[in-house]
Amino acid sequence: MVVIALGVPQVVDQFGLLQLTIFAAMCILALSLGFVWGYGGILCFGQSAFFGLGAYAYAVTAVDLGESTAAAILAVLVPAVFAALLGYFMFYGRLSDVYLGVITLSVTLIFFNLMNSTAGDAYRVGKARLNGFNGMPSLPTLNVPGDPARLLDPTETFYLVMAFLVIVYVGLHVLLASHFGRVVVAIRENEARCELLGYDVRLHKLLVFTIGGGIAGLAGCLFANWGAFVSPNVFSLTMTSQIIIWVIVGGLGTLVGPIIGCLIMQYLATTLGTQQLANTNLIFGIIFLAFVLLVPRGIVPSLRALGARAPGPSRVHDPA
Amino acid sequence: MDLAAVLTFEILNGVATLVLISVGLAIIFGMMRVINLAHGEFLMLGGYAAIVATNHGVNIWVAMVVVAPLVVGVVGVIAERLIIRVLYGRMIDTLLATWGLSLFFIGIVTTIFGNTVAGIGAPLGSLGVGRYSISLYRLVLIGIAAAILAVIFVALRQTRLGLIARGTMENPNMAAALGVSPPRVYATTFGVGAALTGLAGGLLAPISGVLPTVGAAYVAKAFITVISGGTAILAGTAAASSLFGSVNQLLTYFTTPVIGEAGLLAAAILLLRVLPHGITGKLFKGSL
Amino acid sequence: MLSVTDLHARYGRIPILNGICLEVAAGEFVGVLGHNGMGKTTLLKTLMGFVPVQRGRILFDGADVTHEAAYVRARRGLGYVPQGREIFPGLSVRDNLRMGFVGRGAEERVDAIVQTFPRLVPLLNRRGGALSGGEQQLLAIARCLAGNPRLILFDEPTEGIQPSIIEELVAVLQTLHRKQALTIVLVEQNLEFIAELATRVLLIQKGAILRELQPGELRQAGVLSEFIGVDRA
Amino acid sequence: MSDAVLQTLGLSIRFGGVEAVRGVDFTLAERELRCLIGPNGAGKSTLFKLLTGQLKPTAGRIVFRGHDITGHHTHAIARRGIGIKTQVPSLFDGLTVREHLWLAARRTNPAERARAITEEILERIGLASLANGAVGRLSHGLRQWVELGTVLAGNPELILLDEPAAGMTHDEVARTAELVREINRTHALIVVEHDMQFVRMIARTVTVMHQGAVLVEDTMDQIMKNATVRDIYLGKHGGS
């Protein structure tokens, strides 16, 4: 992965590089839900709330300070803290799965409505005007820490986003292999048994949810930086649906799955967007339904199951 | 005095809107424990049905009160047959499938009508209250919301179908052991819930206009109302609508709509922290 | 009337029924005796259609009902009085009875049925959930009768019931069997109750019929010990 | 009182109109093995759920090793040292047998020690050959063993076993009895079981519950001679 990443800017043109940068940022977002839902078993339908909060936190801070380092840090912290707060109410109130899904979805939709109605001079944070549905244009992009004048060029941004993707991917792998991670998976399998073994289920879920919120915020920061623009659409139903579809298509319980799902669907969305043959929502709705009804486990786990059933001669070890 | 009257009207209006947009969802949730994520799109379809019918010369009242619920009711029955029934007992898959359905509806309506706002003029005029004026049509909506709750109450209490519905809701297996067919009850429930949602969509079309993504504007409030209400269809909807409608309208009146929305959400999250099964999960147990 | 061959069923992943064979002729009162966890309740739930059959066959009145839905079996005339009674707690006693027969003329039917259960008459407008265990048991039987079944499956009607009402239950069941000629299958761990009522007793153990006894044999010391599990051979 | 591992005082729980457990006073001594029997609905499993915090009592207190644990969270009670094998095995279907034991052992032990405990328990319950298989595919009997092993790996001070012999063959029942006696050398246990043969293999003192209350407490021999106990088992409705 790292080798490919380093080689890419040499062979791809500027437009392709920008495309790949945004794809990578979205993969980080996909990973955040793949972790929270696929491993933590937390049905979060509102991952875009944290993504959007990250984007707005970056936008507002960057405009106010004219420097991106603090903005990027806040873009991770603000959604993480918000996730912790929301998570506290949900997990310590012992809301069931379905309620959790609906509440998180409602939260992001209310953010959407809220941000849409912040047009006008009254809605500003310091120098930063929120601008309602028009969004915040011309945001300062990422600069070298401590040197606001030295902005990152597209190639550097690409490297940076790829580096974050690798760090998040590897970091989640390490986390899942740790004691904490294995307890998280055990909670997904059977909450009651975990409690009977003495593990605090609520606390573990809260931590997973908070980490997921922070990662989604990072993706939001990279997204806002990529277009130097953020609008309430980061909270929209379409946005939050997309994240769910990535994970469903790719498969729950893997980290590669959401990345693959994200890449396939992003590619599809880009292609559909340019040719206007059929409405994107229509196609997405059909894919969504098809996967839930026909391939409920998603691509990666289904392929793995196929692979496990097929007689692979190199994997057969006779114990005798 | 005028202010008090207008404020009361605003609050009743907020409550009535919540009742209208959430009662269909509440029926489906209360009876089947299914949360229909395409609920917002059912509202949207109701709006389009009313507008298209009106533009084709149908009387606006007939379009809103007859055509919209009929169209959406049929859509609901078809959706139950093709999707919900297949996933019966798999709650999360049902949620996801209805989400797919929601995108599908948005897509298909956008393809047909385009991504622009359609609307019809609100019938009736307005009424002067001292220095203020209130819309007669909104006054009628308050009446309709109250009437819907009353009709549901009577239907559940007094009719044979209502008895079967209440029995199946309490214990579907025992109802089946007595010869009641739960699949048929569920199909009917989903149809009735969808039809009421279509009715709400039709009635709200003159006020807010319709566009393919209008569902998102309503649906969060509807979910919050139903979940906070708990499983009792009538008591839950009425209690949660009254609470959130008042919070929302009062905050909106004295501050801004933004704070009104945020206040509604905060009130719901606080409420669910205290009562995880909703208002009727603990209080008013066993009510309709 | 009811013919069961080699019935296998499991609860989740736990096998509960391991090849039950059972023949019930019209007019019989068959008692199935067994301890907790021996598969009594699962047997009735499988017969009623709430637990899927893994292997074997169920014939009711000559028709193969093995894979039919519960409500279809109920409409064929199979009645069910479940363990724990399963009264609709939020419905009134009258509505509970009306649930037993939702067709036309339900009111008259309810009035007629209640005559046989005088204890329920003053309670008709009470919520089902507010009744005592014994009253609920009578209501569950009355509700089942409202549907006019030809064969009734009873699941431990004496569980958690006061002795005085158990005597009343004996009388009610005797009337149903002798005067109304209903066919009855009753599962119980209450040995006395079965001995008093059944015309034939089957001993169920680990999901299979261990052997058949005459009601009189139930009072023999050897059988008693075997049932309790003290002197298992 | 100081040598009591567990003590309940007037423990009760009510579901709607039904009092499933009524004023239970129960004392368990250090290293004691107690069998809990009684007909269906006597309140045995409910009592276990109260002891592990899965249900909150409506009245009464639970004292474990001198600490009042009434109303504490399930995980907090488990941390104090109460382990339970539930009636229907409660397991992580997607995880392997080894992972089960490791998760239980690792909570109180460093990684190295947890691995050692895992291997030791695998040998002890005889599941070493299945250690890397997903538990979801195992038969009911084997699942019982996995759960027992998981409880042991956590090394709780008090072990509750709810129907440990259910669904086992005669040989397996005998092996389970052997294991229970062995555990009892170092741990206090309460065992709920319907299989009277199994109870006779392990029991010294037996508590009989009926309709939510403790009916009688005595040695196994005395219990079997007790007329009231016989009556409730035969359905003569005695004792109420």
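Chains: A, B, C and D, in written order; residue numbering restarts at 1 for each.
Here is the rule we use: contacts are C-beta pairs under 8 Å (C-beta built on N, C-alpha and C of every residue); 3 or more make two chains touch, one makes a residue touch a chain.
Please read these numbers as outputs of a predicted model, since none were measured by experiment.
Peer 1: Please identify which chain has its centre, taken as the mean of its CA atoms, farthest from the centre of subunit B.
Peer 2: Of all chains, D has its centre farthest from that of subunit B.
Peer 1: With centres defined as the mean C-alpha position, give me the subunit A-subunit D separation in Å.
Peer 2: 44
Peer 1: Hey, how far is the Cα centre of subunit A from the one of subunit C, in Å?
Peer 2: Centre-to-centre distance between subunit A and subunit C: 55 Å.
Peer 1: Find the geometric centre of each of subunit A and subunit B from their Cα atoms only, then give the gap between the two centres in Å, rounded to an integer.
Peer 2: That gives a centre separation of 31 Å.
Peer 1: Of all residues in subunit B, which are in touch with two or more distinct other chains?
Peer 2: Within subunit B, no residue touches at least two other chains.
Peer 1: Multi-chain contacts only, two chains or more: what residues does subunit C have there?
Peer 2: Within subunit C, the residues that touch at least two other chains are 89, 129.
Peer 1: Would you identify the shape of the chain contact graph, picking one of line, ring, star, complete or other?
Peer 2: Contact pattern: a closed ring, each chain touching exactly two others.
Peer 1: Using the contact rule from the top, write out all pairs of chains that touch.
Peer 2: So the chains that touch one another pair up as A-B, A-D, B-C, C-D.
Peer 1: Show me the residue ranges of subunit A that touch subunit D in the complex, using the header's touch definition.
Peer 2: Residues of subunit A touching subunit D: 179, 182-183, 185-186, 188-190, 192-201.
Peer 1: Which of the residues in subunit C come into contact with subunit D in the complex?
Peer 2: Residue positions touching the partner: 12-15, 35-37, 89, 129-130, 132-133, 156, 158-160, 162-163, 166, 188-193, 224, 227-230, 232.
Peer 1: Which of the residues in subunit D come into contact with subunit C in the complex?
Peer 2: Residues 16-18, 39-41, 88, 139-140, 143, 163, 166-167, 194-197, 200, 211, 224, 230, 233-237, 240 of subunit D touch subunit C in their complex.
Peer 1: What part of subunit C is in contact with subunit B in the complex they form?
Peer 2: 48-50, 69-71, 74-75, 80, 82, 86, 88-91, 95, 98-100, 102, 106, 127, 129, 143-144, 147
Peer 1: Can you list the subunit B residues touching subunit C in their complex?
Peer 2: 160, 163-164, 166-167, 170-171, 173-182, 286
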